[in-house]
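Chains: A, B, C, D and E, in written order; residue numbering restarts at 1 for each.
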Amino acid sequence: MDVISAGIAQAFRLILSGDQEIVGIIGLSLFVSFSSVILSTCLGMPVGILLGTHSFRGKGVVLRIIYTFMSLPPVIAGLTVFLILMRRGPLGYLQLNYTPTAMIIAQICLVTPIIIGLIYNLVREKAPVVNRLGITLGAGRLEIMFLMIREMRIGLTAAVVSGFGRAISEVGAVMIVGGNIKGKTRVMTTYITELKSMGDYSRAIAIGIVLLIIAFVINAILYNFQEREGK
Amino acid sequence: GGGEAEAPEAPEAEGPSEIQGKIILATTTSTKDSGLLDYILPEFTYQTGWEVDVISVGSGEAMAMGEAGEADVLLVHSPKDEAAFVEKGHADADGRFDVMYNDFVIVGPADDPAGVKAAAASDAIAAFTAIMEKEATFISRGDNSGTHKKELSIWEKAGLQPAGEWYVEAAAGMGDVITMADEKMGYTIADRATWLAVGGNTQLQIVSEKNPSGILNNQYGVICVNPEKNELINADGAKAFQNWILSAETQELIGTFGTEEFGAPLFTPNAAK
Amino acid sequence: MELEIRKLVRDYGTKRVLDLESVTIEKGTRTAIIGPNGAGKSTLLNIVSRIDVATEGEVVYESEDPRLVTQVFQQPYMLRTSVERNIQYPLRLRNWPEEGMKKRSNELMEDLGLLDLRHQKAWKLSGGETQKVALARALSFQPSLLLLDEPTANIDPATTAEIEEMLLKINREEGTTILFVTHNLAQARRVCNRLLFLDKGKLVESGDCQEILQNPKEEKTRRFIAGELLI
Amino acid sequence: MDVISAGIAQAFRLILSGDQEIVGIIGLSLFVSFSSVILSTCLGMPVGILLGTHSFRGKGVVLRIIYTFMSLPPVIAGLTVFLILMRRGPLGYLQLNYTPTAMIIAQICLVTPIIIGLIYNLVREKAPVVNRLGITLGAGRLEIMFLMIREMRIGLTAAVVSGFGRAISEVGAVMIVGGNIKGKTRVMTTYITELKSMGDYSRAIAIGIVLLIIAFVINAILYNFQEREGK
Amino acid sequence: MELEIRKLVRDYGTKRVLDLESVTIEKGTRTAIIGPNGAGKSTLLNIVSRIDVATEGEVVYESEDPRLVTQVFQQPYMLRTSVERNIQYPLRLRNWPEEGMKKRSNELMEDLGLLDLRHQKAWKLSGGETQKVALARALSFQPSLLLLDEPTANIDPATTAEIEEMLLKINREEGTTILFVTHNLAQARRVCNRLLFLDKGKLVESGDCQEILQNPKEEKTRRFIAGELLI
């Protein structure tokens, strides 16, 4: 318990100190997670909405596969991306392993199914109503998609927040493809793991708390936005 | 390994070299977690202009990366496997070089239920035998890491086959295993660097160390990966690293690391001159 | 001819809810669709407005442009925004200038007594207010075919009279074709000049509205009309 | 890529071989994840539903905190539970570290916020309608809770499935509190990590595929259940 | 006295939608609540049925038991199950034996012409069918106070007549007190003996139903009733 309280105290000291290295690590964490969540959202939101509004043969199987990939272990996602990007791999010539780009790609593999699954589940009930309204008022396919997004923005935001939570807290994938290289690919979670393996528990917890504080601030911003829009 | 030792080209001491690219160094967690690489690598980059991406993984994985041509140079501590690695042609023409060593220590609970400290303070084989006789809890790395291989070789030399409730195979990192030994009040074998970093938080103590036969030595070697594996391997950078780490100046630098924090150096340089 | 319904069938699972013979709706007519609950009236409107698809048969429209057909639903969905923006939404889809939208929506809100509610959250309105907004929204872009599903069911008598007046006016001035589901035979009599009588998915009788209501040819129609006399 | 296809082949060989050790590892994974998800559901479902149906002072803050804990890094969850359960920690006398019980506790910390957050988000829109129906038909508090669960079972199932996906794919927490002890606390994800650190990529991928197949089967069962109930 | 409304006020934000002086509803009366759209009629019913709370004032009931009050909503929510089970749900809550439930629901389905639909999915019914099921569900447990919000708005004339008949019958035979919101003044005249006229949240006039409809005392009431003559 002393370790935990020491960690809490240290967390605040860290934040106030403005240590360059820590700032860089936090910045990279945010950059990687935001990038992967934004790209996953661009991919997953239309797919989730289309699944929620359209019926087609084999839809059941597609859904089952998407739900399955919500259980994809980060280590496997990381390893697969690593093997594809490795020098001998099919995309080796791009030399992406051990770069933030590879980390973003690996996180996209993890986050996209989550976003699709959650959005599908959210959209399914309300979508038909919005859909038929859009059609009768003369909205085209794309316009209906935007209408859905606007009408369900609160729920969609929450789905994206879940995806963000997954991305920023995940370590298995970014560790493998990023390699936790100091000053290059070290993010908060890989740093926590390193600190932990060096037995520096209180600093590990301090970084964990910093991560939660950042998540809290981001959630608070989105939540305030929801508050204003919703109700 | 080959005994070749080219004099490293001493760079002009006037200023930093231009950054000319990067190499990927696959190494074990102990070299990185101990802080050694952070201590010495800036000098390398400064002198040669090669940046180093340090990927710290288990020795097993580091060599797998070498085999796949994913790393340019390896710094590992599993001499038997390293020999096999060179044998199979995964290394470049020069092969493997000793770089430095530190040592393993056998640690155990403060009350030392197997009485190792009294009976075998510097005899690893006797220590293991005592632990097995008493069926005192022993935590094994169980993950084919260099440390695990070392542990297995000691059991082998002792002619023992550990098994049973008391022998816990936890395939986890060194720090985790030390913590687990502390929690389970058992014994384990650890490299000294990790022990110095993690042991302070535990109630464990060293019960056996500095075996005169050198059985507890932890020898590190450096290997350049065979550049024919693929065209992306940075053979020049790897060779520069190898030469640099074997150079007299770097060896001296390694010999000073850790004196400030722990009062004694963590690694003993022993590059074949 | 505004549209022609060609032998329309609609099955839900094994249940045949619509099984119509061919009917033509002439341009500029005001057609009442009447019949008992569950006769298939809403289903017919939904197929005509393209939000449902027939199992067999088809609807042929005079105009190719689907954006000239609109429908007001039995339980209208309100967009999660203000009353005013709900009414302007179809105009926004059609890229009307801000000025023109304001003018048009003010006109409609004035006519329907919605001016006081213009900045209210549309999804928190009372039942009748909701229906009025839905009507204004549908009328905003001057559709050539207007489908109405019991549009005054929840509206008070005075406003009902105004709405009927309004429908007659747009029909007269703009030639809008009106298809009108109602349970109120008096209303059908006041507003419509054509009538379709449905029962159990079948077209029982069709023709001039006043004539059928006075002299139904079919027994079923006769009994249905007699039902009103009970109340 | 060879590694990936080798991994796929090996996955099937593993499944067919019925290797005792693998079976034990899979069994423990399922036991730990199911236990933690069931307990998290028992905790999280009522809380999520209550948050979705009731207003109270400070609700905004509570929600923000829950959303934040959806971003809790597994390593931090594991470390915190570890420090509390460690020999010298406050609950050390229970001697739970390195047991499946500790793994379940750590996963509960990860999964409960996810389940609460998703359920809250799901329930929010529909709950008021179900709530008022329950009240007017004479349902008590508990009966309304059950009614909500029954009415939203599809969405709730999906939320629980997300939680399960998180639990079964997670490695950071179970590695720390479980220790990946052979025959005792080794689960699929810790085994994957071990294999990866030994450089045995293809076997790591094989176990990953086995994990995904199991997740697929579980999802398919739940999905079939949904199919029968829904639509 | 069935209930007494004591100076009820309901504000939504800054908008005062209800501001009633005290009124008593006697036991066994049939009270029509009429008034323009947005007058606060539904709000009043919601407060009486305890699903909404007054900002000021209170409702005092003769009976303590809240399970004797029920309400049929303007847009009824159907449980995601069959028609029959929807109707039986309140009985299930009251632990009726299977036999008794079957008998009671059969009776009601027969009266309302729902027997053919008994195994249908209730949430896919037509507008009028939905309203009939909601009515049957509310009547199933013989409440002592029945609140109806435009219960026949979407129902065909013959069924409307039957429902009115039914309401008069349960009032006569079981002494059920009825509070009845309607826009159909003729219906109020046929069914009710008391009347409350609301406008803009205020109680404008109350008293004997027939008397007020023939000779309204207040100018507002007079104009409202005249409105019906327009249609």
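Simple rule for what comes next: a contact is a pair of C-beta atoms (placed from the backbone, for glycine too) under 8 Å apart; a residue touches a chain by one contact, two chains touch by 3 or more.
Note that the structure is a prediction, hence the values are computed from the model and not measured.
S.K.: Going by the stated contact rule, which chains contact subunit A and subunit C alike?
M.R.: none
S.K.: Between what two chains do the most C-beta pairs come into contact?
M.R.: Comparing chain pairs, contacts are most numerous for A-D.
S.K.: Going by C-alpha centroids, which chain is farthest from subunit D? Tell me that one.
M.R.: C
S.K.: Return the distance between the CA-based centres of subunit D and subunit E, expressed in whole Å.
M.R.: Chain centroid spacing, subunit D to subunit E, equals 46 Å.
S.K.: Taking the mean of the CA coordinates per chain, how far is subunit C from subunit E in Å?
M.R.: Chain centres of subunit C and subunit E, defined by C-alpha means, are spaced 27 Å apart.
S.K.: So the centre of each chain is just the mean of its C-alpha atoms; given that, what is the distance between subunit C and subunit D in Å?
M.R.: Going by mean C-alpha positions, subunit C sits 50 Å from subunit D.
S.K.: Just curious, how far off is subunit D from subunit A if you go by their C-alpha centres, in Å?
M.R.: About 18 Å separates the centre of subunit A from that of subunit D.
S.K.: What are the residues of subunit D that contact at least two other chains?
M.R.: In subunit D, 176, 196, 201 touch at least two other chains.
S.K.: For subunit B, what residues touch not just one other chain but two or more?
M.R.: As it turns out, subunit B has residues touching two or more other chains at 176.
S.K.: Can you list the subunit E residues in contact with two or more other chains?
M.R.: Not one residue of subunit E touches more than one other chain, so the list is empty.
S.K.: Using the contact rule from the top, write out all pairs of chains that touch.
M.R.: Between chains, contact exists in these pairs: A-B, A-C, A-D, B-D, C-E, D-E.
S.K.: Which part of subunit D faces subunit B closely enough to touch in the complex?
M.R.: 86-87, 97-98, 175-176, 179-184, 186, 190-191, 194, 196-201
S.K.: Which stretch or stretches of subunit E touch subunit D in the complex?
M.R.: Against subunit D, the touching part of subunit E is residues 46, 49-51, 66-67, 69-71, 73, 77, 79-80, 89-90, 93-94, 137-138, 141, 147.
S.K.: Could you list, by residue number, the parts of subunit B that touch subunit D in their complex?
M.R.: 57-58, 60-65, 67, 142-145, 168-172, 176, 180, 182-185
S.K.: Within their complex, state which residues of subunit D touch subunit A.
M.R.: Within the complex, subunit D touches subunit A at residues 1, 3-4, 60, 63-65, 67-76, 79-80, 83-84, 89-90, 114, 117-118, 121-122, 124-126, 154-155, 158-159, 161-162, 164-166, 168-172, 176, 188-189, 192-193, 196, 201, 204-205, 208, 211-212, 215-216, 219-220, 223, 227.
S.K.: Quick check on the complex: what are the subunit D residues that touch subunit E?
M.R.: Residues of subunit D touching subunit E: 129-133, 135-139, 143, 147, 150-151, 229-230.
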